[in-house]
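By written order: A, B, C, D, E and F. Residues from 1 in each chain.
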Amino acid sequence: MTDPVGPVDATRVPRFAGPPTFARLPRIDQVAPESLPAAVAILGAPFDAGTSYRPGARFGPGHVRASSRLLRPFHPGLGVSPFAARQVVDAGDLALNPFDIAAALGDVEAGVGSLRASGARVVTLGGDHTIALPILRAVARDAGPVAVVHFDAHLDTWDTYFGAPYTHGTPFRRASEEGLIDLRRSVHVGTRGPLYSEYDLRDDAVLGFQVIPADAYESAGVAGVAGAMLRRLGDGPVYVSVDVDVLDPAHAPGTGTPEAGGLTSRELLLTLRALAGRELLGADVVEVAPAYDHAEITGIAAAHVTYELLALMATSPWH
Amino acid sequence: MTDPVGPVDATRVPRFAGPPTFARLPRIDQVAPESLPAAVAILGAPFDAGTSYRPGARFGPGHVRASSRLLRPFHPGLGVSPFAARQVVDAGDLALNPFDIAAALGDVEAGVGSLRASGARVVTLGGDHTIALPILRAVARDAGPVAVVHFDAHLDTWDTYFGAPYTHGTPFRRASEEGLIDLRRSVHVGTRGPLYSEYDLRDDAVLGFQVIPADAYESAGVAGVAGAMLRRLGDGPVYVSVDVDVLDPAHAPGTGTPEAGGLTSRELLLTLRALAGRELLGADVVEVAPAYDHAEITGIAAAHVTYELLALMATSPWH
Amino acid sequence: MTDPVGPVDATRVPRFAGPPTFARLPRIDQVAPESLPAAVAILGAPFDAGTSYRPGARFGPGHVRASSRLLRPFHPGLGVSPFAARQVVDAGDLALNPFDIAAALGDVEAGVGSLRASGARVVTLGGDHTIALPILRAVARDAGPVAVVHFDAHLDTWDTYFGAPYTHGTPFRRASEEGLIDLRRSVHVGTRGPLYSEYDLRDDAVLGFQVIPADAYESAGVAGVAGAMLRRLGDGPVYVSVDVDVLDPAHAPGTGTPEAGGLTSRELLLTLRALAGRELLGADVVEVAPAYDHAEITGIAAAHVTYELLALMATSPWH
Amino acid sequence: MTDPVGPVDATRVPRFAGPPTFARLPRIDQVAPESLPAAVAILGAPFDAGTSYRPGARFGPGHVRASSRLLRPFHPGLGVSPFAARQVVDAGDLALNPFDIAAALGDVEAGVGSLRASGARVVTLGGDHTIALPILRAVARDAGPVAVVHFDAHLDTWDTYFGAPYTHGTPFRRASEEGLIDLRRSVHVGTRGPLYSEYDLRDDAVLGFQVIPADAYESAGVAGVAGAMLRRLGDGPVYVSVDVDVLDPAHAPGTGTPEAGGLTSRELLLTLRALAGRELLGADVVEVAPAYDHAEITGIAAAHVTYELLALMATSPWH
Amino acid sequence: MTDPVGPVDATRVPRFAGPPTFARLPRIDQVAPESLPAAVAILGAPFDAGTSYRPGARFGPGHVRASSRLLRPFHPGLGVSPFAARQVVDAGDLALNPFDIAAALGDVEAGVGSLRASGARVVTLGGDHTIALPILRAVARDAGPVAVVHFDAHLDTWDTYFGAPYTHGTPFRRASEEGLIDLRRSVHVGTRGPLYSEYDLRDDAVLGFQVIPADAYESAGVAGVAGAMLRRLGDGPVYVSVDVDVLDPAHAPGTGTPEAGGLTSRELLLTLRALAGRELLGADVVEVAPAYDHAEITGIAAAHVTYELLALMATSPWH
Amino acid sequence: MTDPVGPVDATRVPRFAGPPTFARLPRIDQVAPESLPAAVAILGAPFDAGTSYRPGARFGPGHVRASSRLLRPFHPGLGVSPFAARQVVDAGDLALNPFDIAAALGDVEAGVGSLRASGARVVTLGGDHTIALPILRAVARDAGPVAVVHFDAHLDTWDTYFGAPYTHGTPFRRASEEGLIDLRRSVHVGTRGPLYSEYDLRDDAVLGFQVIPADAYESAGVAGVAGAMLRRLGDGPVYVSVDVDVLDPAHAPGTGTPEAGGLTSRELLLTLRALAGRELLGADVVEVAPAYDHAEITGIAAAHVTYELLALMATSPWH
């Protein structure tokens, strides 16, 4: 029986068996409390009541975990062993009310806040992008306004949607208004596709974001995009938010509002890798909607992105 | 160009082309207003914010329409031509706010009420089962409490779900409390699967429903089930609510809360057919979640169920 | 290397390997010519230019062969070993022009006729139902008008479709007009779903067919349906035509014009089995459209139906 | 965070969140050891190296667990609350070597034996049917030869397959030879499809099994089949082995060796239900191959079958 | 009810509801006739009888429309609002006979011609590539021979296929022979994969086409390919024909004759964008076969390509 | 009837019909024995008992053949007609025991060896990567240690897996130990994803391999990667082993251990093409697991890769 025995002996337990945690990491209750300070926690936020089109991201955390079973503990690109460098645990899923957006956002903020209060940095698996707002509230509460590197096909800075202020199209608008974001250092990467009007871009610029569209990968390559991102970011800590729809539908069919012309998974992973050595305060990987996935194409991409973020945590200064 | 030309000439327009209305019926705006009295209207209610498990029924109306393109105008089992007997139109989709359950329910009630006020009977395509409540409000407003024949794997008479009173698990509880249902003549058909506790059944019985479980088909056959249903129903008008999950997952994979051990589509169609000659005040076909469908198995079943209901309308007294 | 070595040694060759013939039977060119008299030939007719809705039956023969790899040589229900009782071979696919219906029908007639001239009875794998017409021409040429037991959701006796006389909706009308069918002994089994008008049934009856609708299975069971079929058939030889859409979409999603309320695969197999001992002149299994299949649900059903027909051949008188 | 908190509060935790145990039961390590006597344990055996055709049952246990999330704690058909009647736990997955059949079988026997030694009865989720042999070894070690009710499309009493004695086609032959089965009281239910030769049936009869083929459901109904099964079984304890391919491919596409003409999930559940009150020593549900499933059709059927077995445990005498 | 109310109020109507026109544009019959001059019309040509391999493009227009629901009205890359710049309407589907290639081609020519006669430019949604011939006939009738930029994995300049002159492999050969194409300015982009013989390329060159193979994207990038395309095109008007199989199967699985080694959707969109400012006389997007698509990967790519063409129309001179 | 007639007349036989050999090549038994010297043989090795995660590559050879039906005989990129330059045949499938890894490896070695003894070079279709070991044994037996260009996401030089020395993760370790590989000239191309530890890379380097990771395509392009590969290879013959998981999951979902961040099919084909003119002793294309494929995305990529290898054979010196 493999589930109860704690950390997995990879030489004995086949990857198709055993504990369905992210990358087969220990569950948070299997870890001695005193080791938690300075740990990294994976947290599921199964919530999609903020979705405007294809719902289903409520099943995202479980799908990304299932798609993470092949991950191994050493990252050759960065030369780090993220699970050895830091105590990394799977903190399970938040219990989020699917019928009450406000209540759910409160529970996300409380859950992330509680983990952070114990000294952990949190990588949240969505759920839809609405959850970025309460996460940023929890982060900014103790860290102040943070620079956000936001990978997404969309700006997510709309004002309201059907009159609703809290949806997956509005988190960065709300977070900007609430002063949670260090806008002069923040950037959208990978945007593309048509907008409602030219005012979308103007509004976004007024808020203070910079935009590096997906097309820049064609003209400038990963190196060019990463360079622009790092220049924008400057020094100081960063929060990374990855909407899986930043990937092309070929690389991420399992998402709610796909747009053609997106990134390959290789481009996304290598752009993230350029953040090595930065102080990474937290991150999220959102909008994985498994009902539209096939053979875990999307789940595997999201799992590797999550792993890349954990590896960045291992390279991150830790104050 | 086939879309603009109104009623389709079936001898000229291939079924894979042309207007994506239900069974290629005319849109409501293509019909002279004076013909509307005594008409039957198909109405889409793309709403799934009341869903507790697999969401996606918001795409249900479009999917059922797409799956209805092979339907033809004569029903040999009942010997009627439903589109000739009555003016039947496709009234399009309601614009329902996915982020505000209360507002959406109000809009469903208003939409159905407005069609009924024009003299039409309405067959609503869901959407999740939450919409049965506002539909019954609209029906009962002028027809008084109605007998409900409810095909479903579930009772849908729970009290609340995560504290929410209006979800897809509660419409018949709320409708009972609001006095919209003639409970002595109402019946659940096809229930099965585990419950939360024995109180679920007791509560349901206290409300006044009768239960004919799915297992009755094995012991009594369609004739036995239909007989029991008709005895319960007695004389008088009826509203029929079909949750597509009354079908076995083999016959309806594309739904949100599937349960093994369900009906075949043949059993469901023939049980419905036993209602011929009854006064049918309205009906709904709900919980079609296309992201989980394959090759329109579920969509075709739902389209045939909808067609059966339209044929019943043609046999219905019309006061 | 398994392909070249002729009849497969089932104790050595895994079923996922080796020759992709039906049930791993020998190809016709691996059999000594003198053994062909009295043989049964499986013949592929990959043709779907007669399809009115979902095309793709051109890939049907290959799909049914791939789905037949688990078939074994002894039929316990009938107590026969069909491949031992008769020389059964896979005659490969006809080369049918997808752009010229008339030419393709001629080639089907020639191909079936040529095999029949060598003494073989032919089980044809479609392809759409259009091919039943040229097959019946080939059969009737030497056997005279034949009784047809026709399993199908549809009557297939329409007159024309978009003005075209030769489509998958018309083969039995044309065959009737050409005098190929012994109509007093012929029967449709499994029909259901709406028709264009009441004249469809009347026209069909005028031609002379009898109809046993799918609903009869609910009221009379397999025994009742089989009894009615056998009474209609009386004595004398028979041709069996199986449109896979006679099955419910749950049992055969992979087809072109599915209708809810159909047969289970068990009902179909047992109804066919009732034909044991009849003189079976030939048969077809048509309308398998693999692009809409899942996990070979449809392919396996069609393969078992084909095997049932081969077992019936083993029980058939052979004049 | 829901994972760590033990038994799930179903009024708070959405079913798409939280601990991925069977029916959200507690993990075995969350239960005080002294409560284990008289418990029932769900045990995963992710092993498919004994598969002759479509592999993938190694992913079966996880898939059945994921498909079990909608299960609730009260069984209305039997009027029992299986999780209240007995301590029921999820014992996780065995770590089984995919490259060494003999070693894996030894580990299955040890794992089941260890749970039984603690007083638990075990319901094992396969994996392929090879695992029935070591389970029966563990059961017979303390309970002596047991009557086996075996639901399966196949006999699984072949001698060897490619020379290998331990495969998913041979467990009941080996178990019979090893004296683990009370053959005079044992029965295959649901067999169908072609065999290698008439000797397959003869061999099986020589061993001592009785066969109730799938066709019996058409002629005798569930009541008839269940009656015959109970007559064969007589008094005394029983072990139940359910190969999910006993279901028709429409009801269980996600399996390795599907055969047309099978059971509906309703037939299977009701036949199992007839075993209420019998002493149930253990059970398995095997051959779920998720790569071939769609929308959890197969997973849900298997989860309901597993739940039915747990409910039978609640009605079982307990010596 | 959203369907009847004309242009959609995007702030009120969810994108999963409402009128299934392309990008929720008005239907042609909702637009006052006097506004039609200078309009752009989207026209469906559901026809696939010219397909040599996987059929199903007859369902293409509906699929692209369904996949276009997320499109918004402002194109940030070109800085234009295509629906504001020009009256853009959805003209519905042509009624094309699936059994008579010649008749269907005549109806395509008539339909496109009629729209053009009213002053509209037409973007046609296929359908298979056969339809490019009658479209070019309609265009050339009033515009004379046109330069064609042809995106495709294949040359489509074969002579005949199974003796048939009008298939999806021959439109540009026929169009060249009929003098419809300004060959000195025309170019194939994205060709790849094996050919029948070296004469295919030679024949194509003799006709006068230039070839920019898909491999050029690897060596020259989008900028290099676009530069070569523009040099070839020179000044003057252009017709753009996009076979969706120019994309790699990863980006367009839903097509009839896929070839590995193709374009990403980003490459295709950016290459098209280089045509900004050119006089665009018309365009087509063909060979979308939805039965092979997954999660609208192909449909979304085709919808974005269509939108790119509409945006190009907004930048186009308009004589 | 097309199967028996030998080489296919491509102008008459539709590609969806006829003999299911690779690219419709003749079967080996249709070729006169005296023509075999200097031939190239395609050989299926349906074996997946060495798979550590998703099994199913046993169905790989049949799937690649089915996906190869659109291949045509002229390669425009290399300007060769591979089937005209050399006699190329399909040698069918090896009969490999799924329950006995050692026996299967012996049969692979014998099968490849026997074809090589007749003068043929062999392109083997897997099957999992375990088969590379016995193939290299057969090649090295007469050719001595060979340089291996190994395209793969993984190193495949692990020592053991669950104690098993012969699995799909170990072939190049074993082959290195057995002296079958000219390690100074060998190279892994396309590796990526996390490893067990830094020792994995160190061990691999100790063996003597060079690594060109997938990321090199982003920084150096195909030209850069191909240049490094050719420099490593130097002069002399080469064996090419292509694990289809070298492709990104978007381009090859149908495989057993997918990793994000992989190659496009265009990058892979063009890198292979750089080997033109080298002496190619043999090759394999492995790890195609069809149960996870969609619309033949993976199968088509593998078929084109196989065709590229056959074209390289046509450019290869032939001693």
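Everything that follows uses one rule, which is that a contact is a pair of C-beta atoms (placed from the backbone, for glycine too) under 8 Å apart; a residue touches a chain by one contact, two chains touch by 3 or more.
Here is each chain with its UniProt name: A, B, C, D, E, F = Agmatinase.
Computed from a predicted model, the values in this text were never measured in an experiment.
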{"item": "Given chain B (Agmatinase) and chain F (Agmatinase), the chains that contact each of them", "value": "A, C, D, E"}
{"item": "Shared chain contacts [chain A (Agmatinase) and chain F (Agmatinase), defined touch]", "value": "D, E"}
{"item": "Furthest chain, CA centroid comparison against chain E (Agmatinase)", "value": "D"}
{"item": "Angular offset of chain E (Agmatinase) relative to chain F (Agmatinase) [C-alpha, multiple of 5 degrees]", "value": "120"}
{"item": "Distance between chain centroids, defined by C-alpha means - chain A (Agmatinase), chain E (Agmatinase) (Å)", "value": "37"}
{"item": "Inter-chain centre distance, chain D (Agmatinase) versus chain F (Agmatinase) - centres from mean C-alpha coordinates, in Å", "value": "40"}
{"item": "Set of chain B (Agmatinase) residues in contact with two or more other chains", "value": "12, 14, 16, 52, 54, 58-59, 97-98, 162, 248, 250-251, 264, 292, 294"}
{"item": "All touching chain pairs, where touch follows the definition stated at the start", "value": "A-B, A-D, A-E, A-F, B-C, B-D, B-E, C-D, C-E, C-F, D-F, E-F"}
{"item": "Complex contact set, residues of chain E (Agmatinase) against chain F (Agmatinase)", "value": "52-54, 162, 192-198, 200-201, 213-215, 217-219, 248-251, 253-254, 257-262, 264, 292-294"}
{"item": "Chain A (Agmatinase)-facing residues of chain B (Agmatinase), complex", "value": "48-52, 54-56, 58-59, 97-101, 161-164, 167, 291-292"}
{"item": "Chain B (Agmatinase) contact footprint on chain E (Agmatinase) (complex, rising order)", "value": "1-4, 12-14, 16-20, 27-29, 43-44, 46, 58-59, 61-62, 66, 90-98, 111"}
{"item": "Chain E (Agmatinase) residues within the chain A (Agmatinase) interface of the complex", "value": "10-12, 14-16, 69-77, 79, 81, 221-223, 248, 250-251, 264-267, 269-270, 294-297, 300-301, 303-305, 307"}
